[in-house]
Amino acid sequence: MSVDMRTYLGHVELANPIVTAAGCAGSGAELAQFFDLGRIGALTTRSITMAPRAGRPTPRMTETPSGLLNGVGLQGPGVDAFLTRELPWLAQRNIRTVVSIGGGTVAEYAALARRLNDAPGVTALEVNLSCPNIEDRGRVFARDGAASAEVIAAVRAVMRYDVPVVAKLSPDTADIVSVARACATSGADALSMINNPLGMSIDTETMLPALAAGTGGLSGPAIRPLAVRCVWQVRAALPDVPIIGMGGVLTGRDAFELILAGACVVAVGTALFHDPSSCLRILRELEEIVAARGYQRLADVIGLAHRPPGATARHRTDFEESSL
Amino acid sequence: MSVDMRTYLGHVELANPIVTAAGCAGSGAELAQFFDLGRIGALTTRSITMAPRAGRPTPRMTETPSGLLNGVGLQGPGVDAFLTRELPWLAQRNIRTVVSIGGGTVAEYAALARRLNDAPGVTALEVNLSCPNIEDRGRVFARDGAASAEVIAAVRAVMRYDVPVVAKLSPDTADIVSVARACATSGADALSMINNPLGMSIDTETMLPALAAGTGGLSGPAIRPLAVRCVWQVRAALPDVPIIGMGGVLTGRDAFELILAGACVVAVGTALFHDPSSCLRILRELEEIVAARGYQRLADVIGLAHRPPGATARHRTDFEESSL
Amino acid sequence: MLTTRQVDAYHALTVVAPRIAEGFRPGHFLGVAVGGPHTSMLTRRAFFIHDVKPDYGGTVEFVFAVDGPGTAWLAGRRARDTLDLVGPLGRPFPLPRDPVTCVMVGDEYGSAMLFTVADALQRRGCRVDFVLGGASADRVFGAMRARRMAETTTLTTEDGSLGMRGRVTDVLPGVIADVRADVVYASGPMETLRRATAVAVEFDIPIQVAVEERMACGIGVCMTCVLPVIGDDGVTRMVRACVEGPVFRGERVRFDDVGTIPFDALGAPGGGSRNVS
Amino acid sequence: MLTTRQVDAYHALTVVAPRIAEGFRPGHFLGVAVGGPHTSMLTRRAFFIHDVKPDYGGTVEFVFAVDGPGTAWLAGRRARDTLDLVGPLGRPFPLPRDPVTCVMVGDEYGSAMLFTVADALQRRGCRVDFVLGGASADRVFGAMRARRMAETTTLTTEDGSLGMRGRVTDVLPGVIADVRADVVYASGPMETLRRATAVAVEFDIPIQVAVEERMACGIGVCMTCVLPVIGDDGVTRMVRACVEGPVFRGERVRFDDVGTIPFDALGAPGGGSRNVS
């Protein structure tokens, strides 16, 4: 039995809910050797910055239990090269593309949005708020609702209305719901969570930090419980705002977990490093799980775990009856 | 070669740095069947509350990748039964005991400290700040420096001067350093970190939260990178405040990692569920590692990873020379 | 070091573990580490001990059904692999002083732990009768052994593929009446224990049940495995199945309230204590 | 499906993998999943392909030293276990058009990947000479095979237990001079590649090096494995060893700056771009 896997980011329809996570799919061309990128919901780019960035020194990555710690430091070609080389490559192939942007000031985010405004092939704009605010002693925007809201408002103001603006949140905050609410209020059409919580690992042989950058972002299944919790809390507080859920998704079961918590789109990051074509496998597994639970439409299971414990799930047959 | 493993929590000497983590060692008697509790640095009690507590409904625990999610809800006998039954049992056996307390208001924490003030056998008082503040819409104290500082000041004011007060911090905050600083300023003699970050897991069969409580605390190796980062950041900012490090310690290597980051005491929690006598194994492994690196004193490796990358570690032989 | 065999729907693993074998009493269980080194699975899995033998200084055997990743991993073990065990754990069955008549009720893999109990009872001169069941014939464990040792053995399956169609608790009243049972020993899913207890209460005879609650430590330190049990003083407490059980007197277990904190339990929210966390 | 053998200090695993064998070119590497299902180890380990054979539709063999938990797990695999591989990965060695004289420099397990290169060179009529080394005799890989195929083979060990005492790069100048080498192919630790490149530069002959940088994905998407390499345009970029390498022209790699972002690299902090994260 086939399932209608279509989903929506604001008014933008995606063929299915599986997308790549920012910074985990290279420029797209690398993954295209392993599977047809047109078959997933969308590809998310790395966070594009104004200038080219060489990133952090190596070592940049270390393994932790069921996790990965990375200190890449947003290495990338800068917005000019992105617009002349990477985005056209994706657009020519009709690959749905969520463009992620990263900046050091509110003005820089706005400038990036302005540059992307007329570019063909931008399905949605994801604002990576986990960047240090160089005007506030390097405090990360995402920590705090007001700083995040300021960035979102500035980006929303310049970005064309038909491109959804997605605010990407971090779990490293006292209250993710208040940050989410601030972003939604200031114009975010959708929210995306979670970015990597800050972690660290020390090499007990050299007795020094394992990453050249010292601290790094933690990803992978280790953080999935944090991701599920964040999606759950934000969905409970803001049931009408679409959520892109991510964090440690390796299988269709994991994607389904985030969908039950309230995500309508699920991004796959670290799993791509292990299995380059994992997106398609996860999509297939997810579809099988949804079908096995008796549903014909993905839309019917989004946030389903929020129903009261006693209530039975709205079942395919119930649905058929009610549609008569 | 034997290593001098003594360490200090303020002016209180512990024979070695390995202690149990709050809420993970029952009343002590359960573990005593597996090893001699007198051989570890100290036992930490579960968080003692004013009234007896039945805790949360079951299911209370679920496994996550390299982690454990628990929603026990501080089940415990209450302070009266603790003082008449559990503490004397430990005191009679000369088991060093860190008593953890949990409350719903500043006044309740202070009242608990007052009850414990004259009790014999309290080596240190650990204040579990990850409890909801019932006077502030259930916001957890540990989220925020001001709320944490208020609790610590109240407890420090009533607790006898020779019992160190330890503030136990949570990673679920925008800035752990500012919470740590607020606690130290208001009288904490030491800091303990990290308590469980809030997580969640959904049972994809029932399509409902896996824990009866919905959300739960994440523990185990999955969170070790968060623990190392918190200890590192706080040690860098407050180099003179003793730190009890915890979070996912399974082996002597893991304990050594937290010590290199800046902890002078390391607590073992979840590992006890897998291996009841893990504390002694970890202690032995840690001692071997410290010796293998050429050090004779634990004190010489605490925070060692903070040295500048180029600098060579202060080596045993250097130490011998400098002590001539 | 172990040997492995498949018994219908179940796997049986025998492990050389002299210290566990030595301390064993009927009703004890094991904590088994799963997944091998660097696994992402942290908690031990609990299994009742099925049998203990003196070979190689002492072996223990347990029987299990594949349920999730941990039991799937165990099912993949081969002869001579090693296994990391903690045990024996739990409070064993209390045995009667007098030579009474005992009905052993086992459902699904729950049956496996009853045979050492039955042995011990027979050694004390008790009469033993078995009622064993499962969803289908391949899920009824130990029917042959029961037939060899018991006065009577009654089998049930839900699909009728073996013995009577139905549940063990459907036939239990008849068996109790026929054999004039003095006491019931039961092991199986919570629902089976609940029904068996109701039957025993009806007949006004004591029942000992071995409960199965989700466990993380098995040694009493994590507070995962609690259920509401009425104490000698009449007060309901959330007690740990791993150290205060897994064996309880059936009528003391508040089966209908399992999975809740009954409002009258010691320390229940609202029951005079405040809800701190 | 695999077979396994121990070669002195190394383990060699042969895996049936027709698609990888078919796409293989000398210099390619594999990404190998370690730890089995439900492992806590997420990243694939990278290994150079040592050999490819047509048996069973195509097999690949790789050689490794036990270093940490992933390689320890691999060393514990037994015949007929299955292994999860991705490959072939990386940019292979460019081969010269003309029949030139080539010196193959291999240090430790780095030697293992040179034999298929040497084969391909010989098939093009090149003369091949080997310089192989390691810390001790048991860590010099492939000496026999080198002796069989090469015009000359020079061995070094740091402890003098085999061949000359010292490093491969100590004897390299002599070999280059003796055989009048046209080009060097080198594989081994970064320090060895750095020194070998210095020697080649000294002799003003080209050198192709296969670098080994920590990798997480092996397919170019994670940006873990970068090192500063000078492009055709003279600009230094932080390029990915896994897709832009692992084979580079030695003199293009800024060995002294590996582990740093050289101030003049494209996008370096302060180099006109702001440091955003």
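Which chain is which? They are A, B, C and D, in the order written, and residues in each are numbered from 1.
The rule we apply is simple: a residue touches a chain if its C-beta (ideal position, glycine included) is under 8 Å from a C-beta of that chain, and two chains touch if they have at least 3 such contacts.
Model, not experiment: these values are computed from the prediction.
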{"item": "Set of chains adjacent to subunit A and to subunit C", "value": "B, D"}
{"item": "Chain pair with the higher count of C-beta pairs in contact (B-D, A-D)", "value": "A-D"}
{"item": "Longest centre-to-centre distance from subunit B, chain (CA-based)", "value": "D"}
{"item": "Length of the line joining the C-alpha centres of subunit B and subunit C, rounded to whole Å", "value": "36"}
{"item": "Where subunit B and subunit D are represented by their mean Cα positions, the distance between them in whole Å", "value": "46"}
{"item": "Chain centre separation in whole Å, for subunit D relative to subunit C (CA means)", "value": "57"}
{"item": "Residues of subunit C engaged with two or more neighbouring chains", "value": "40-41"}
{"item": "Per-residue overlap in subunit B, given as positions that touch at least 2 other chains", "value": "65-67, 220-221"}
{"item": "Touch-based graph of the chains, sorted into line, ring, star, complete or other", "value": "complete"}
{"item": "Complex interface listing, subunit D residues touching subunit B", "value": "40"}
{"item": "Subunit A-facing residues of subunit B, complex", "value": "64-67, 69, 139, 143-144, 171-175, 197-202, 204, 207-209, 214-215, 218, 220-226, 228-229, 232-233, 248, 253, 256-257, 260-261, 289, 293, 301, 304-305, 307, 309, 313"}
{"item": "Subunit A residues within the subunit D interface of the complex", "value": "23-26, 30-31, 33-34, 47, 49-61, 63, 65-68, 70, 72-78, 102-104, 108, 130-132, 134, 212, 220-221, 270, 272-276"}
{"item": "In the complex, subunit C residues that touch subunit D", "value": "35-41, 69, 73"}
{"item": "For the subunit B and subunit D complex, residues of the former touching the latter", "value": "65-66, 221"}
